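Let me begin by presenting the structure, written as structure tokens, before commenting on it.
Order as written gives the chain letters A, B and C; numbering starts at 1 within each chain.
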């Protein structure tokens, strides 16, 4: 009883904080100096009014910060991201400026943007563009902290720092809420598979591991070394014997594949039917993207349904998208 | 000015082709190298040209060891008439002759107008003037040999080596070939030519070198008696006879026909 | 025939050089950024102004278009010239710089850089360059160990080293992480001029241009080697020394080119054959023509690679084949008909 009241109060808090975030972005004036996430110093004379985003995470950030109107160029294959169609359909008509391997420098130059946002991988193209006189910031949102930094950077460059701060504040609030909620609860062992195979899992250093911890679980692969998906053998998985198996949003396999795998039949999670697939109909909640907090919230609703139910999550997620992205998602996509 | 071979031995693997050959040829002489197939005639020429390593001995020109000269100097002293029986397209007669001048001209030197004129004259004298502009691949083997000979002649190398030059030539051209050789010899050149026809050898050479078993001793033609020559040649060509006037060689079996 | 020969030669050269000039102008003016001929002229005038004063079209012209066009021209020239040289030196119409394993070695070097996670593309270029050179060094060592002077020895050694490099590449691919590194390796081996900048083009020119000039100056030894080792020696040229020297210069140039553009196929094979069918002569003119044709093919292919895809960059090797093969087929048929009238 006590917990339920606490949960409702906290949900109310979240709602209030969301409402206060939902104002339109304010403008700031004057020359702006930034240091991007690769240590480069970039100076803009005034907040950027036209933006080119070279990969999907920064495009998501542009949406979340309410800057959708300013985007003039977007990464290739925009049609494969469902959220563009939902929140900013005009993105699908924008010129495609390149992929993670190669960017079309001339096309970007011809769009004459005030700001170009590129991932660290495209550092070379960034240099070329800088050489042409364009302003480029390099971002590297590898984890939650870096994600917040990226949002601040973009916010500052476009004169919407206040909006960035509100978004980050929302994250902080949620994270505190979730932590408090699950503090005393029993933490199940969670095994999160990789994208290409369920015989890979995340070591402690990866973002996905911190996601699990935040949601009140224990990452099965905590002891593993490295900062990229680690391959594990069947024996290792059997030795973990996780309580819950989570399939990421970009996986090449399904829960059915795991259930049909005879070698995993003895796992607790398989026997209890505790295999869950991260919803992928809107965005990839299991990577450090602006709506990544929803991944943690979803996982909490999965691991601790009594403390944070699926319905509550659906309501919170809908509120989040309405506030920051300006649309109401289809309920079916939130499961 | 003389070409001297001292104790020259050449082997291909374990087979010894030339055995401690000693030879001296002076400027102005035409030496005809005779022998059966495999007796080492071609190897002898290759040894002088420097195309095979010597197992022992040395080849000297004017007292100078040719092996110590370096490839280019050697090529400017010794001209070898190529035995190429086929050729890839892409070079015309004049180009090929010009290439032969590499030892003298080097990487960038060009033929002077006078040299070109001389080549043209020589070619016309041989009746192959029209071949200078024609692609080598479209010539017959004999025509190719004439081109090479022109080039070698104009280059004025002191030593000229020819390997069966008349094999691909018709009768007229053979006569012209030897008249040219006489002229070149008259200029003081050393000429060694492998021949398969002993009649030609007797008619045109100053001396002959019958090769047998990797060894040879030269026989002067002018001062030696016919019987002696016949006898020496018979070891190479059994049953050989020589007829003096007109000069030809024959075997008994041939005459009996 | 000599007169007719010279006139035909001049005609062929005039046509090829004209084509090249047109392609160069097109290449400089065409691209995702709208540049008119007027912009190009302005850019030429503004050449020496400081960067901040130059207009954007001028900056795009000098930072992107000119380096890319120049690289396409030089790479094509290198591939065409070295292809011709390899075919003459090895006396085989099938020879190309791949014969001594340059492409395999350079790919191995680049893949090594990618798998080791050596970040910058300058490092990748360096590794690829060294990989190409290393393969030639190994071939020459193998040839001298085999005591060989014969062409067959070179070809066999080249096959051995290529195979070793290819196997190494396969090992690297299995070690590579499939989502990031493997894609990068495959992308590199497809070849592309999209990422060319002035910074990359300068070392390429510094290394490849002198090599090309030297190789053209040495056309006489090249032609002599095409007659065989014995003939060379008879003409006063040391075949071993010159073969090693010419192959080293060619490898230097091709490695430099491949390290910047990745492996681009087919140019080194088609350009010499087209040149041969056009002028049927060996020698300096043939080498120069083959070089020019290589430049034409690659510049045309690069032009197509960035315009045909409607903004996206397509792999350039598709277009080197598309540019070279039809010409080759037409010339072959014409040659066939010419031969038939003789017999």
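Keep this in mind: a contact is a pair of C-beta atoms (placed from the backbone, for glycine too) under 8 Å apart; a residue touches a chain by one contact, two chains touch by 3 or more.
It should be emphasised that the depicted structure is a prediction, and the values quoted were computed from it without experimental measurement.
A centroid comparison over C-alpha atoms places A as the chain most distant from subunit B. Comparing chain C-alpha centroids with the centroid of the full set of protein C-alpha atoms picks out C as the closest.
The geometric centre of subunit B is 44 Å away from that of subunit C, both derived from CA atoms. With centres set at the average Cα position, the gap from subunit A to subunit B is 88 Å. With touch defined as above, subunit A holds no residue shared between interfaces to two or more other chains.
Against subunit C, the residues of subunit A that register as touching in their complex are 76, 95-96, 101-102, 104-107, 109-110, 112, 124-125, 127-128, 131-133, 195-196, 228.
Taken in their complex, subunit C has these residues touching subunit B: 1-2, 5, 91, 217-218, 220-221, 223-224, 226-227, 230-231, 233-238, 276, 280-283, 286.
Here subunit C touches subunit A in the complex through residues 31-34, 51-52, 56, 59-60, 63-64, 120-121, 177-179, 183-184, 187, 192, 194-195, 197, 311-313, going by the rule given at the top.
Against subunit C, the residues of subunit B that register as touching in their complex are 49-51, 71-76, 80, 82, 84, 88-92, 94-95, 99-100, 102-103, 107-108, 132-135.
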